[in-house]
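Same chain, two partners: chain A is paired with chain B first, then with chain C.
The block that comes next holds the complex of A and B.
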């Protein structure tokens, strides 16, 4: 229904603007806090306009973290987070697309059993199996390593299920036509399935990158070496016991920095992301 | 060009513990360069038979030979055949050119040769302007032509068509039918064409293979099938409206079924008494539905003949030389 009533337009805009402010205000406060000294932040009321210590604070955390909490440079943490997010995103996509290719296009004994086994793991999130997983990773000597950070999180029932559903919508005749054309299974996979899945892959990449970047519990458990901290863990480790001691301006600067890469990924892939969620090239 | 031999071809599916037989021993010899249409109602196994020739379905029993090679255990790509699918199965992300060239690229043909073959096929099918388009930018008829082009560039021994016209509207279908005929005359490649549409079958076929419930009912030219149907099934399946089949027709012997086509009944002053039920004017002709000796009968008369009123009685004379007789028990022609 299209209406043109000034009052309705005003109201809807007001509500939307209010919503945006509500979401944006904490972000703004974070930014403001990252530009002041600790004394200024702790004064009551806290200043709500940007201060003059922006470069100082950001340079400090990027080079050498906080002075009282963890002293690992945030630059290093960002790199760790990036590695973790990228390996998880690509790993998940690679493994689940191949797994669903097998489940949809090949007939092998216990095919359905395997599918349901994968599917059932959907009901077991990381948190539920975290103790046994920790035990395994620790026994394999993978604590404080990139492998330990990423490998246990790579297997993904959700992505496998998503690709399976997508492959099922591709008409069988396409596979048969490729067989007629003389394309073997892997050729069909690379020449036909992969290009057709491009938008789904892009959408999944955005979701999984953010999932990997925001991992908290798992890296918290298995990283004790400062050089392996991720940005999210870095923030946690900078907060020391008593409030007074925590350098909030540095914590906030780190939080701002930690927000940037996911935001960039979303902005750059927005078009693909939406396309992947709503339509398929068929 | 190659002959196709179907020798006692059988297909069984296993569903759980049950085994279902869908093709019951089909024997047929298709001559080199011949255009054969496989026709039958849906579920009669005609597509399965074609897919067995294509290599997309395993052959449970018997032999399929293309040329002098038994192809039972060959991959579809090694059978030297090309297939046009009902939904065309074009690769959505490739241009028309790439769609046609894909099979040739896989066979590692030199790029120049691929280009010349695709250009030639595009010229025949009038696709020249569309080579750089994606399938989704094409109309149904154009997609259908691309699917044919993909088959043509392969220069195979055999073309297989799986109801390629069923997704087109009526006008385009008639037009494409003529194009396929022309194409076959020019290329002379042995073709198997599956359809459930008897008009397509009659107009395209050099010989037609009529199937019912997994069995071959008749294999012959359209004229043979129309004028000498081998069974009551063929008699009622081919021809529109279908042949009148009567158990108790005046003058019929017990244990036989008499068949006569609606156009071989003449309205006049002699012959059977027909109780008229309703009539339909189809333009050039009129169909009269009625009953004779309690049995349903359809009579085809010209539109300039008088239109009999419902419940009136008219007299209809069958042409004696056009009567068909079938065994009532087996349905076979006597």
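The block that comes next holds the complex of A and C.
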């Protein structure tokens, strides 16, 4: 604080509180809707205080999904989302860290070519090559499988860049010393590089976990079997069209459930996540 | 920057890059090349007969009213999402940077929507603004505003813009806050001593110093609005009513998957790829040079 201006400080707090309320309002209404019966939600305007059907709604979706839309248990969908998020997060980190290790610490023919190939993937989001990617995955027989859900999304230019940037800041003396002491490249990688990268790995984990958990278009395309739906797809499939037909209390309970795991990951790892986000992109 | 101390091995580096390169070739390059290939072809409805037609698909999409409309919709949509998202989060970040007490608490409270999937954000906002049962549309109705985004294009656009912006505020906020906190206090103090008030200080010192962050976020937000908002659209308006919210990426999906027009959809994919590549190149050019005063 440069100057003490109580009035300006008061305004700042007021604006921030307004912002927080604006951000929180949709989440609050979702929570409230998930604790009522459908009749209560359909009686316009719906109540804005929590109701008494919380347990009932959540138990219903977790065990058996909705009755008019997707009927797979949300418990199963959350498990699918979790598998997808974890495999993508760990997979991306694993293949990127070894690739950057090779690119930074070795000289070999085609090194630059490989680097540019990875770089270019940054420019090709799934959305622009939907149909051909779908064809490739379907030709490989990966539809409705965990491999199909995760493998195509596992290459990550972002992670490779972050690790490359980070490795370049590590003093050369460390590698020299390790070599002098007779450590091979893999020994150096596991005993020196990996422990040093812990913070970057943690930050990337948060970013990629959320990326994986929140995927929409890809699972929408390749999962036709209800037991392979992810939570986000499940929500979409529970909306059957027509406000009076959709079981909103169940949709909202599922939405709450789908938001909780990524929210927990973000909140618990907030410090690393912020550092990672800001470092990754710049 | 290059490393001096390097390891030697004839095969190890290849083994290390192999998984990444394999995935990249199979799931990125192959499909991208195929998209380009399909974009030069026309297929009959059953996929039996394929003809190579050079640029006919491109000519066709650029003569298609719906496609040109989609361009316009995308431009309006991404501009609104980027500008609104940046403005709101910059305001919040500036305020959070000012207050001594509670900055961390505010950050924790504002970080939430980052964890929400775009499709879920779409569902939440569609529910709030639902013409028949929505809480907000009920209030709007009380105020005499006839709210029905299912029928009215401008309101549908407003809805998807709100949902998409809401989801992106946390991300922008985190970057702006980090950017603001890295500005040396001494600069601001010096200006204060010279008699510049908070507003003047913001526009003459803080905002220019923040320009690399702002520019970076601008590109990220435009890319976000172009691609990641697919979920928002598919969970709310399906591109309607009457194509009012049919953004390019949704049209690629709809034409390719629902309408099974392989050639046309691939041509659209190629156009989109060119747009992303341009955006990425611009971003890297400027990030390298650092937009700064």
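Throughout what follows, the second predicted complex is superposed on the first by the 271 of 282 C-alpha atoms of A that agree within 3 Å, B and C clash if a C-alpha of one lies under 4 Å from a C-alpha of the other, contacts with A are read in each partner's own complex, and residues count from 1 in each chain.
The rule is simple: a contact is a pair of C-beta atoms (placed from the backbone, for glycine too) under 8 Å apart; a residue touches a chain by one contact, two chains touch by 3 or more.
Given the structure is predicted, the values throughout are model-derived calculations rather than measurements.
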Worksheet item: Does the chain A-based superposition show chain B and chain C clashing or fitting?
Response: fit
Discussion item. Which partner chains sit in contact with A:29 here, chain B, chain C, both or neither? Use first/second/both/neither.
Written reply: second
Practice prompt. On the superposed three-chain arrangement, identify whether chain B or chain C touches more chain A residues.
Written response: C
Worksheet item: A:182 contacts which: chain B (first), chain C (second), both, neither?
Response: first
Item to complete: Could you look at A:64 and tell me whether it touches chain B, chain C, both or neither (first, second, both, neither)?
Response: neither
Item to complete: Have a look at where A:37 lands relative to chain B and chain C in the superposition and call it first, second, both or neither.
Response: neither
Worksheet item: Which partner does A:196 reach: the first (chain B), the second (chain C), both, or neither?
Response: first
Discussion item. Quick check for you: in the superposed arrangement, does A:145 touch first (chain B), second (chain C), both or neither?
Written reply: neither
Practice prompt. Scan A:46 for contacts with chain B and chain C and give back first, second, both or neither.
Written response: second
Item to complete: Once the structures are superposed on A, label A:262 by its partner contacts, choosing first (chain B), second (chain C), both or neither.
Response: second
Fill in: Superposed arrangement, angle subtended at the Cα centre of chain A by chain B and chain C, nearest 10 degrees
90
Response to the item:
The superposition places the nearest Cα atoms of chain B and chain C at a distance, in Å, of 7
Fill in: Contact residues common to both interfaces of chain A (with chain B and with chain C)
173, 176, 179, 281-282
Practice prompt. Write out the stretch or stretches of chain A touching chain B in their complex.
Written response: 171, 173-174, 176-183, 187, 191-192, 195-196, 281-282
Discussion item. Touching residues of chain B toward chain A in the complex: what are they?
Written reply: 54-56, 75-77, 81-83, 85-93, 102-103, 106-107, 136, 150
Practice prompt. Would you mind writing out the residues of chain C in touch with chain A in their complex?
Written response: 1, 3-9, 12-14, 16-17, 19-21, 23-32, 34-35, 38, 88, 91-92, 95-96, 98-100, 102, 106-121, 123-125, 127-128, 130-133, 135, 138-139, 166, 169-171, 174-175, 178, 185, 188-189, 192, 198, 201, 212, 216, 220, 227, 230-231, 234-235, 249, 252-253, 256-257, 262, 265-266, 269, 272-273, 276-277, 280, 287
Practice prompt. Name, in rising order, each residue of chain A that touches chain C in their complex.
Written response: 1-3, 5, 8-9, 12-13, 15-16, 19-20, 22-27, 29-30, 33, 41-42, 44-46, 48, 94-96, 98-99, 101-108, 111, 114, 117-118, 120-125, 127-133, 135-137, 151-152, 154-155, 160, 167-168, 172-173, 175-176, 179, 184-186, 188, 210, 213-217, 220-221, 232, 235-236, 239, 243-244, 248, 251-252, 255, 258-259, 262-263, 265-267, 270, 274, 277-278, 281-282
